[in-house]
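Below are two complexes that have chain A in common, paired first with chain B and then with chain C.
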Partner chain A sequence: MFDLQSALANARFDGIAQIRELGLQGMITLRGDVAAPVLKKAATAASGTAMPGQRKAVFSDTGGMAWMSPDELLILCPYAEVTDRLEALTDALAGTHALAVNVSDARAVFEVSGPHAREVVAKLCPVDLSPQAFSPGDFRRTRMAQVAAAIWADDDQTLRIICFRSVARYVFGVLSVAAQKGSEVGYFQAG
Partner chain B sequence: MLILECPCCGVLADETELTAGGEAHLKRFGPESSDDEFEGYLFRRENPRGVHFERWRHSHGCGKWFHAARNTVTLEVYGTYSAQTTEPPEAIRQKISGVAPGWKWRLFK
Partner chain C sequence: MSQRLPKGGRLIDRSTEMSFTFNGQTLHGYAGDTLASALLANDRMMVGRSFKYHRPRGVVASGAEEPNALINMGQGSRFEPNQRATTTELFSGLTARSQNHWPSLDFDVGAVNAHLSRFLPAGFYYKMFIHPRSFWKHVYEPFIRQSAGLGQAPTERDADTYEHFYAFADVLVIGGGIAGLEAARAAGASGAKVLVLEQTAHWGGRAPVDGGHVGGRPVEDYIDSLVAELQAMENVTLRSRCMGAGVYDHGYVLGYERLNDHRPGQDGPRHRLWRIRAKQIVTATGAIERPLSFAGNDVPGVMLASAMRDYVVNWGVTPGQRVVVATNNDDAYRTAIALKKAGVDVLRILDARETGGGALMNTARDMGIRIDCGRGIGKVTGGKRVKKVQICAQAGAGGALEEIACDAVAMSGGWSPVVHLWSHCGGKLLWDGDQAHFRPDPSRAPTGADGKPFVTVAGSANGHLGLDAILPDAGEAGRVAAQAAGFKPKRAAAVAVDPTTEAPMEPVWMMPAQARPALRAKAWLDYQNDVKVSDVRLAAQEGYESVEHTKRYTTLGMATDQGKLSNINGLATLADALGEAIPNVGTTTFRPPYTPISMGSIGGEARGAVFQPVRETPMYGWHDSHGADWEPVGQWRRPYAYVRPGETTHDAVMREVRNVREGVGMLDASTLGKIVVKGPDAGRFLDMLYTNMMSTLKPGKCRYGLMCSENGFLIDDGVVARIDEDTFLCHTTTGGADRIHAHMEEWLQTEWWDWQVYTANMTEQYAQIAVVGPKARVLLEKLGGMDLSKESLAFMEWRDGKIGSFDARVYRISFSGELSYEIAVPASQGQAFWDALMQAGADLGVMPYGTEALHILRAEKGFIMIGDETDGTVIPQDLGLNWAISKKKTDYLGKRAQSRDHMTDPTRWKLVGLETVDGSVIPDGAYAVAEGTNANGQRNTQGRVTSTYHSPTLGKGIAMGLVLNGPDRMGEVIDFPGTDGTVYKAKIVDPVFYDKDGEKQNV
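Moving on to the complex of A and B:
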């Protein structure tokens, strides 16, 4: 049996915010015409959620779906269910011009939480992360320091980040530096 | 700092989130074109002091290409538009004419 490991094995850092690597997360990339009824039906069945609007993400107890680009969706689910869900999705999309791929092991997921979580991420991304501009349900692909990342807000004090697994160590590093003790900015009037 | 709105995903993207793709609306000349045409396609570029049209890619975002019309002197951005076109949309041309009357860029004015 394989001993499956996420990129950083639940590494964590405590500073002005708590940074955690979240371990194995099931992820399926789905590309195609997201307006097509066939694809909508297959995607919502696979994620167990409704379709997300532009730059939005929707979640349920067992999964989630995020809008990645005009022709790309990201389906989130428990790691153990990826194979089954992908199979069902591929079957449902038979004959449709679309692509569904299991990318769970190609990515890493981080959680940044605490009253200063938004500040920590805002130090690294050219995005307005104020609670008014970026709230739970929003989803944003952007640049985190030097690498690509996608961000969404679980609640006002919790942000989640997806990056490529190959740069997980780098992302954990920059997040840890940005969350060093004593580095509060107070711009978003945290708390 | 240049901020462009990506017409594909609607994000107000910072320059560092984008990749510059050079001059817009190039017409490709390949096999069977004359040497002059091919040289022009490969090497001759506008280098205007003023209105300019460029290609950009939202590389750290949705990954799509788009066009931008902007001014190289004032850094004003006149607008962004789809990459799937061979000329700037009328609305953007009118907007430029309002700010910079008499502008001219390659075949467009």
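Moving on to the complex of A and C:
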């Protein structure tokens, strides 16, 4: 057999926040009519969660689902389960106009944690990341410096970021610059 | 002389001495000094020279408005020119050099320009540099280059880092003076999230210097408690050393925070650019004092009265020992009083008003200061510092009534509100005749998307010059902004403030009013750009009526200070010369930033390794450690060739091509776009996107297709694989993946929104490896797994399966003419799959090959490359690709355009192969020449090269090109002159050089 490689092999940087590449994450892109009962049923079964609202994400112990656009969802699951979950999802959607594809390998996932995690990300993303405006359950597709990214909050001091795999090194690089020593901003009040 | 006073200086810490150098000489100051206050404390009156005449220049102001004291700061990797000494905080080890002089500040050759000033009038550049043309290069340019000044360009890479920060606020207050703080408190009390920006390191603005009482306490105490109160409010953030630089649409504001300028070398970024979205903005930006226009008002030692007071009160420095004060308002009396209190001789207050001032005048007189009303300054004499002042009647022409020796002059021409940030986004101004200044017109505020104002103005920025008016105005501004941001403001209790008892000011635009031409020619409006009253009057005389034109003609207000001191005086002078009212002349446009901000802050984190994203395939690291000579393709990096020790890049390319033709090679094709298109209408959709028919493709099969824009031009090509009845996978070019995906979505979302099609860009999900060459199948079979025989997987088919233990989708497609498999595996398996292939192929001589070998291989086969054979003006018909254009389809994108006259013109250049007669390689981009010349005297052309290589397979230079009537001229030899003087002769041939029947790829 062979080793599976994530984009940056769990690279880490410790500055005013801790940055970690999290390894492979199962992800399914689902496009379709998100209001249709058949799609809701299939999607919630695949994610093991409820449907997310606009700009929201919902999580369970083994999965999650994020709202990506009015006709797109992102289903999260353990990497090892993605093939089975996609197959079940595809079966459940047979005869329905929808598109479900495995995008796990197309992405990289980062965690930014620590008391300054929010401001590190707020140096790069044009999003209000104050605890009052962005809390666990919120989800944003946005821009991180010069590339596309999606963000959610695990808790008050932990953010997760999804980007494309090819730019993982760039994202790690800009996060490391933004987390450089002595660059605390001190703008956000506790939530 | 200017010097440190024995006592005083609210901002300095006399117990902490700091040494610094100016022009190489070591000087001393205190913590809390600005570079300007420290220079003055060391009797450095003269700190630079002006831009045009190289006149001696001294510090004239105490803040952001300073036009003169610009210095080269720091050295080496921390060198930066044009830094204002007045806003540069002193630190130990600071090094500064003056600007605009040669060879030295004291002795400057360029100062001769001043004697030539008669020959350097307004609009000099426009008048002078028109004729004769030949003088441009040899006379004018060297002259301008030598005399054009300001600081030097840095020579080393910037040692510092910079960053951005995206902040959101309900109410943003720009300015941390008393008005800004009061507005912030009023807004903060409503619960709104408030952010206050202050450009200096201190809160309270100039109120502590100007004095007064609020609620029975000194104003400084009031400010301290205000700051403490705001700091205790969770919803309020105070940021000092952070300038509101610009106000833009939709409440977007740039804040420029200087974190380490006062402590270079510390951890963290030097500057942070705040990119703020505010629901409402309060501009509490204060006011700037105006100079008076009298002869010699630029001599070092002549200073704004308020600035002189700042130096005394804030930094314990006096710019002179014997001072004359000239004013048209009461405020300058505060300076006289402050100087007198500090023990400085105030020789005279010259009040231009016949009736003089109010209560402050009496105070000054009681202190024993002599006051002359209806008087002004006729002329200041002195070269590098003030020596004498001639006193004259303000109403006269400048006849000297008296001359007194002095060493400093304080001047006040009244106050102008800082309206810049109000105006940046369209806020309009009113002319206030009583104060003789423009102030914001509250009925014409900048408006947001809802048509409602999003900027409110507070305090002296709103034209209120007394504390008793400023405080209520600022509180109200804070409440208005909070309410507009959706909060419920609280009524605040009124506090008792000293009533203002000042006499009205009187506009003085020229001192004396009837000044002779000789005096006007020495009365400076713009200190940095050397624009005088006489220049503006000349412009008016020559027919300039618009203030915007006059600005450009005279360069008034075009220096780095953007005319903060000169604009109002300049336009008043213009209005006077034109016989117009000032508001009819109007102001020039206020544009951000308020003062210059560093380029580094604009770039933010984008420098060095993260200057821009570099996209990497899963095998990037392997390529890098195996000799990859990188080529940028879009934002990707692809190996151009894998260069072995001892090889040139060309050698490597030749080797790689031969190895593919004779053995087996491997290409990292992961960057090719892979877009899944799915739905009941997917076939119909692809029939519209591609020129050929895709809906008839059978599942399991592949087809090459061309995509054109609506205008018929080729925009992309690639192989489409039909996955199942509803699903296609479209390969695009490397650079085309995102663009073509967006193109698809655009058509689906805007035109064919009712078609049932979804797309997904799957480019990065797969590592795609092309295994190419006669031994490709042997290699893959060594890994075991799926059946890859011709019978099971024929040319232009695809199958899912396992190769070894890898999850593979195998496409039998060929861009080289050889037996070729393109195998997609999940990206996380890519490196392992690559390694397995390299290992299994070792005894077959497998080698990786790069993009240049790919190009040669495809050119030998006559395959086109988007971007080489196409350039946005080429249609498929030009390239002999008619076979890929469906005749059956009623429509596809570009079809109608391709039937236009110009597209069907038989003289369009057409694709052919080109073979050099002597085997050499035609230079890239060469043109084929024809007989005769065109209207411009240039040689006529009849074609051009689009791709050109040395083919190791054929052992000669081959090329593709577009040639007039090319396909009808086979065998004809045409000329391609190179830029090296050689004429390359090439024979027109079929573009397919290798294996015309395609037998090799179909085995």
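Going forward, the second predicted complex is superposed on the first by the 188 of 191 C-alpha atoms of A that agree within 3 Å, B and C clash if a C-alpha of one lies under 4 Å from a C-alpha of the other, contacts with A are read in each partner's own complex, and residues count from 1 in each chain.
Keep this in mind: a residue touches a chain if its C-beta (ideal position, glycine included) is under 8 Å from a C-beta of that chain, and two chains touch if they have at least 3 such contacts.
Just so it is clear, the structure is predicted and the values come from calculations on it, not from any experiment.
Set against each other, chain B and chain C differ in how many residues of chain A they touch, and the higher count belongs to C.
When the two complexes are overlaid on their common chain A, residue A:Val103 makes contact with chain C while staying clear of chain B. Legend: residue contacts after superposition of the two complexes on their common chain; A:Arg141 is shown touching chain B, with no touch to chain C.
In the superposition on chain A, A:Pro126 makes contact with both chain B and chain C. Of the two partner chains, chain B is the only one that A:Met68 touches; chain C does not reach it. By the document's definition of touching, of the two partners only chain B reaches A:Gln54; chain C does not.
For the contact definition in use here, the residues of chain A common to its chain B contact set and its chain C contact set are 126. By the touch rule above, chain A contacts chain C in their complex via residues 1-6, 24, 29, 31-32, 71, 97-99, 101-107, 119, 122-130, 132-133, 145-147, 164-170, 173-174, 177-178, 180-185, 187, 189. Within the complex formed with chain A, the residues of chain B that make contact are 8-11, 13-14, 16-17, 60-64. Residue ranges on chain A touching chain B, taken from their complex, read 54-55, 68-70, 72, 126, 140-143, 148.
Residues of chain C that touch chain A in their complex: 161, 163-168, 193, 234-235, 237, 266-269, 272, 275, 277, 604-606, 609-610, 612-618, 636, 676, 678-680, 756, 758-760, 762-766, 805-806, 826-833, 835-836.
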